[in-house]
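I have a structure I would like to understand better, so I am pasting it below and will then ask my questions one at a time.
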């Protein structure tokens, strides 16, 4: 079967998959894609909140992949990842790859004012010091964050997957246009629009210069009588996208599609989305969504959750076999 | 006033105190002891749980002390500490000292079985990589953990404080004996007993060899008709000490005093202590105890919470001034 | 005189300024601003192109600032910087700060395709390994590059200076609008527009999808009958800005002002600018421009070269004295 | 033959065994166990005491094991180990493992008073910097020392071997009880007693509080009319164990068995043991004992020297083959 | 065919050869020797002089050799090497070896006066930080420079090749003697003389003690009526060797042969050699010589350029296969 | 008094001198030169040969100098140095300088054959990892060894002192000539000769090409009827210099003076010197010579032991005060 791992001369031993508790479903799907079972491990939390890990089998000299997201509960998940990485290293793994579908703190990636941290660099340092030889993740807030790591990594993009899905929906849309809600996302939004062959529009936000005055929003570009595809990298409270959807309506847009990679979805998301004229929401399974929350969202708008496990699984396979990942994307 | 900092030629600039959100009371007390105000800082949590820090003033070239515990919520508190340390480093502090009254994960300090982490080493690595030049903490689970750090540190002991306090209580006790509940604490228990001039006894625990059988407990030494001082480094659920207190009673002990440095106190503590014949509980303020929990404990037994801020404050002062800390303890 | 250095207890010794051969004029101006002479040094190039450095005075325990740009000749200038940094380190400097008005390779800051370098990270690593304890630079291509360094740094922005200058020109303009030529610069362009209180427009470029077809350019936003301020971080061949100026004209813009921080100005600049309807060019002295080239540019359009030495000099002073840099910008 | 190395796809090349001059017998036995000859090397000492090493064969890309103890002459043996490790690294070994049956300085593992070193950490750092990718040793003074290394290691215990041997002797003993001579060894002593299914007793030592007075020794637990098994990790001058044996006799113990892992055996050992009522001494071959010294000890008491080469050899094999070491001990 | 790579179990994947732009001919010859094609890559220089690299194929997990010299243009070539190394590392190469026929800056290898750099160490640090796991080079100015690297390396000597060639010429010479032009090369000169079985003479240079006086040259040893073989590691402007040749003539030497490893050959070489009585020049192809320059030299004296590609190719092969390099030289 | 330390604003605290047990006399003399007492410390050796150090006073934030040689007993002295350095670091010293009059293993500074160590680099790494921020030493075997350290250092030369002393002796000599015994020392020998204004001669040694044949020695240069000054960096067994002295006599030299920096003096020295026609021996006190050995040498030839404490003391003072060391030597 084509999905099985090729037993090459394998410089880093055999492949071993481990899952943290952060994204069990993604881990399971990767395991199924690769046709390789997840290795057993205990992850316990003591009454003092300290975590403890024990592997059920030796990974000496093996090519280990630790699949663990760092979405909510962020700090516990991050610590779990780090402890697992150290355990692998101390147990003489041949190579350790941190597989993190969603990497936390990537929005803290620069000092835009004095005396603030660059926490994304700190997280990169922590992953390295814990013992990762490599890392793998999906769509970080800025491409530059890859430069925060001194270890090699595969930073994959799920926009390929979103674009492929949107392409299927295009025939049913009217004069669609892509809309970005943050100017920092303008270039990536353009790339997404170009992949779909669509024009692009931007929302520009300005902080009020007079205290107490409202934030000023401008929509630059043409959305009138068009279906609008709002695109972003992640959605958390949904505040910005709700605002954008309403503004687009003010500018006489037709249906609003909302697409993004990471459904961070804090609790406010339900309320915010409920007030936004979203026709359809398209995201990925990079972050687990609670069934209750997902049900509520589905009540509000048509919702597509795209699978990212085949993408990550395929890259794990190629990384293990020493084959090109770029050629998956014709690069 | 004797508590004021000497303005020496100060190789590391002026002293700057910052507090995380983990132990505001200790930080305040240290500040008062040193007669130096805490510097302003914002610590925010975004809706996606990510933390963000901003300092209200520049610390360029200054001698910075970040006071932050890593007790419950452990991982958030730890991350807050690390982010603050990085912020100080990136803002060109002269020297950064992590002041951590209670350091988490020190019980994960060795591989007592295969394929487990040494998380205390990981935590030490994280503190160093974040940017601490030095650290300061109280009574870690094992003295060897100091060797996990490559940066210098001051690992202080509050047993001096506990012993001094117990000495005042001794006159009212009958034939007191010190009792340790874990053989790993035997040597430190002996030192504590020696400081008080008392004999010592031990509880030996054995895991059941027959499945389903109960754990076997033996009390080695003499507690009959004596007041018993149970001593340990920290108490979490209170399970072991409750068991020890009851066992001592079985061996005809009189009053039971319970003394330890770190009141970790998970939720189970109330229930466990309620079933234990504890006469008096003596601990320190190294970890904040919720008022509700403290009230309940005080209902059950006389409770003394000893202050550790003067100890930590004095060491901060001496570290800043380049003076001996050892001579505080006649060493 | 207010510009003199305060002789504080100075944790890092006295200030010592050294200049490489890359930007002698900026170094001289910083020296004059600080009222501190540049220290003597030999920088020789042997017949085999290898460089050699010798300091004329000892810098043991002193606070050293090496002022050297990494503009053309890029690699020689970079190597000169690195050799000077190492010389300072090996001669037991107290602290070494690399002062680099223009940092090379910052556009190579991410892996936007597989199998390419992140050379900006490499440059950061080289500066650190050579011996810099800190660095100082102006407007890097992306704010995230600060996270490539593990040493602290002051990344200053000259957009304050450009904005202040533009503000003086605004009264003579008609309905001015800011225009960015690259969507990756959209957010910074917005910040610049906001600082001036102006609206913003964007140029969107798309690679031709049909081979041989021309690149497609769209101007999004409103420039008709308005004076246009094209803003960017650096201008090299001038191709993009010339294209943008002409496109703006096609959209019936009035006068075109071109403003940017770094005048990289390769040889093509003269030809490109000569075909572009630029009314006035406003940039900084961050990179030396040859007198011949400057004369030609001045023939083509009114040209303002703003001084950055006071900014850098003031930050050096504050870094040395352990005072806030942020407060220079009310931050 | 079952002892031969499996020629797996071997990520770290072929196994290569080298021996220092510290423990030639152990090295020979490991070599025989693995059925792999020791590689040739010169180790010379010049007239200025400096050592020099030359390998007789290339170890490029191979999986190298350097077997060298750090017992007496401690510093020469340690240096020899470090030089061999560096030689392997510089000669492009695939992986280098330091195999050190007895690691020196493990008793200097914490700062139990101010201004003292943690030499065990220093030794760990030296082994890493010299070039070891991994290390392997037997029973260090404290389990935490494993956390002093950032490289992975196999810290094996010979107490399995001692316990197995003692079990065979138990039938001939009367009411045996385990006795520890140092409270710092209480927990490990308990584990040993539990493995044998025996009760435990402790000796508590207190420094004299009145100057000139004798050290106070107390035996806690029951040894009367029982055969006593004194257990410790190492015996050097034999002072403590001689004292313990005599004290046990004072408490009416019957025969005294003395068992421990490392026979450090300084010159005083003969005199000390000669005054101690030891019936039988059981230790391992982790440290070479001079034939003369061994003969004298055998005159004094029955002496069993247990082999540790099969244990170390088996772990080397498994480390090389990427197989579990834990499963050797049902863990 | 004997030159093909053995497909061993290859711990570092397959061999991959890449060439920089510095020494295309050597790279081609190594490729032919190994019967392995050079991998495709783009190396572009932007108009701002910044370089950019893109590999045409994935090198994940492979054993990569980057062949790039650091001769003229020195700094561009060095940067190209470093960028290629980083690209390999970030693309998850299995092992990266920098193959540098001529390493720049090796004459800056010590602080022979205060306040000067040790640039050779800086270059070593840069190669390591960029991502090389190993390096390979020919005859550095001092053997000690190998100690500047913490990574392993193969420092090969082409004096074997020169000696072999000279041996063939000896029969036609009259009473040949080896002459060194710098006392720092005395020992290597002796080794070369010993390899040829010839006596040796030295030139001693002294800086003038009286200002304005000429440098004093003494020839120590016997060259009268003998053919003289001047030997050195590299020749740049040719000043020293021209002086030496003339001095030898003054001492009544017969024919002068000039042999050295690295033809650095700055522009002055033509003029200098034209004034020197050189009969025959023997060097290697370690550094590319421009056809024009070579033609001029050939006009002046008989010139032999010896190939070093087979030597480097063979060492690459052995490094990849994990076989001894020393045995190539009977060592 | 001019020798007192200037109490500058002293960035690294006050000066603190500590001495190891290796060169107590040099340490005492440095202390006297600086008019600063040596700080108290215990250095004990346990019965298992392990060393233990305890400082008598705190060195927090101070500028510490650890004076310890690494001559015989080499490995014990080296370990003592390293342990002291670590103790200083862990006790939060402001800056730690290793002051090592004689650094061991500097002759193991290159791989002159395959599969040998570069132990001098290892020693440098060990000194750094132990905690030295800087180092100071006298005349290492090769100047390049300074490049083995990544920390700054002061490598002083005592040849200034030897030359000054010899100059006083010159008037009583007849046509003196300098003679080097090893071609690796030719350049330094030339520098020494130039400082004295004398000619130079060399001894060339060749290994026998025919087995069993004797080593071939040639004296190149003119010594006939001249007084000869043999110069070297160190003398160990005295074999080479004895051979050289006899050979010079064979070439009709007159008196033989022997001068060198480091009197390593292994036990063979007495026998070797006794057979050599040495008139006068001039060396330094960089290495302690046992009184018995010194007495015997003095019986054989006039012996001058020059003091190096003022040189080292003055450099310590200048390093502490942040003043130039180079200007001591008019550099």
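First chain written, first letter: the chains are A, B, C, D, E and F, and each begins at residue 1.
Operating definition for what follows: a contact is a pair of C-beta atoms (placed from the backbone, for glycine too) under 8 Å apart; a residue touches a chain by one contact, two chains touch by 3 or more.
Just so it is clear, the structure is predicted and the values come from calculations on it, not from any experiment.
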{"item": "Common touching chains of subunit F and subunit C", "value": "B, E"}
{"item": "Any chain in contact with subunit B as well as subunit E", "value": "A, C, D, F"}
{"item": "Classification of the subunit E:subunit F interface as same or different, half of numbers criterion", "value": "same"}
{"item": "E-F, B-C or A-B - pair sharing over half of the C-F contact pairs", "value": "B-C"}
{"item": "Maximum centroid distance from subunit A, chain identifier (CA atoms)", "value": "F"}
{"item": "B-F against B-D, pair bridged by the larger set of C-beta contacts", "value": "B-D"}
{"item": "Reference subunit C; chain at largest CA-centroid distance", "value": "D"}
{"item": "Cα-centroid distance, subunit D relative to subunit F, in whole angstrom", "value": "39"}
{"item": "For subunit A paired with subunit E, centre-to-centre distance based on mean C-alpha positions, whole Å", "value": "50"}
{"item": "Intercentroid distance (Cα basis), subunit C paired with subunit A, Å", "value": "34"}
{"item": "Centre-of-Cα separation between subunit D and subunit C, whole angstrom", "value": "62"}
{"item": "Overlap residues in subunit C, where contacts from two or more other chains coincide", "value": "9, 11-12, 57-58, 90-91, 111, 113-115, 118, 121, 125, 324-326"}
{"item": "Inter-chain touch pairs (all)", "value": "A-B, A-C, A-D, A-E, B-C, B-D, B-F, C-E, C-F, D-E, D-F, E-F"}
{"item": "Subunit F residues within the subunit B interface of the complex", "value": "9-13, 57-58, 60-62, 89-92, 94"}
{"item": "Parts of subunit D lying in touch with subunit A, wherever the complex brings them together", "value": "9, 11-12, 134, 152, 154, 318-319, 321-327"}
{"item": "Footprint of subunit D on subunit F - complex, ascending", "value": "46-59, 72-76, 78-79, 82-84, 86-87, 90-91, 104-105, 107-108, 111, 113-119, 121-122, 125-126, 129-130, 236-237, 264, 266-268"}
{"item": "Subunit F partner contacts - residues on subunit E that touch it in the complex", "value": "109-115, 118, 120-121, 125, 142-148, 150, 155, 182-184, 186-187, 189-190, 194, 197, 199-202, 204, 206-207, 209, 218, 220-221, 324-326, 329, 331"}
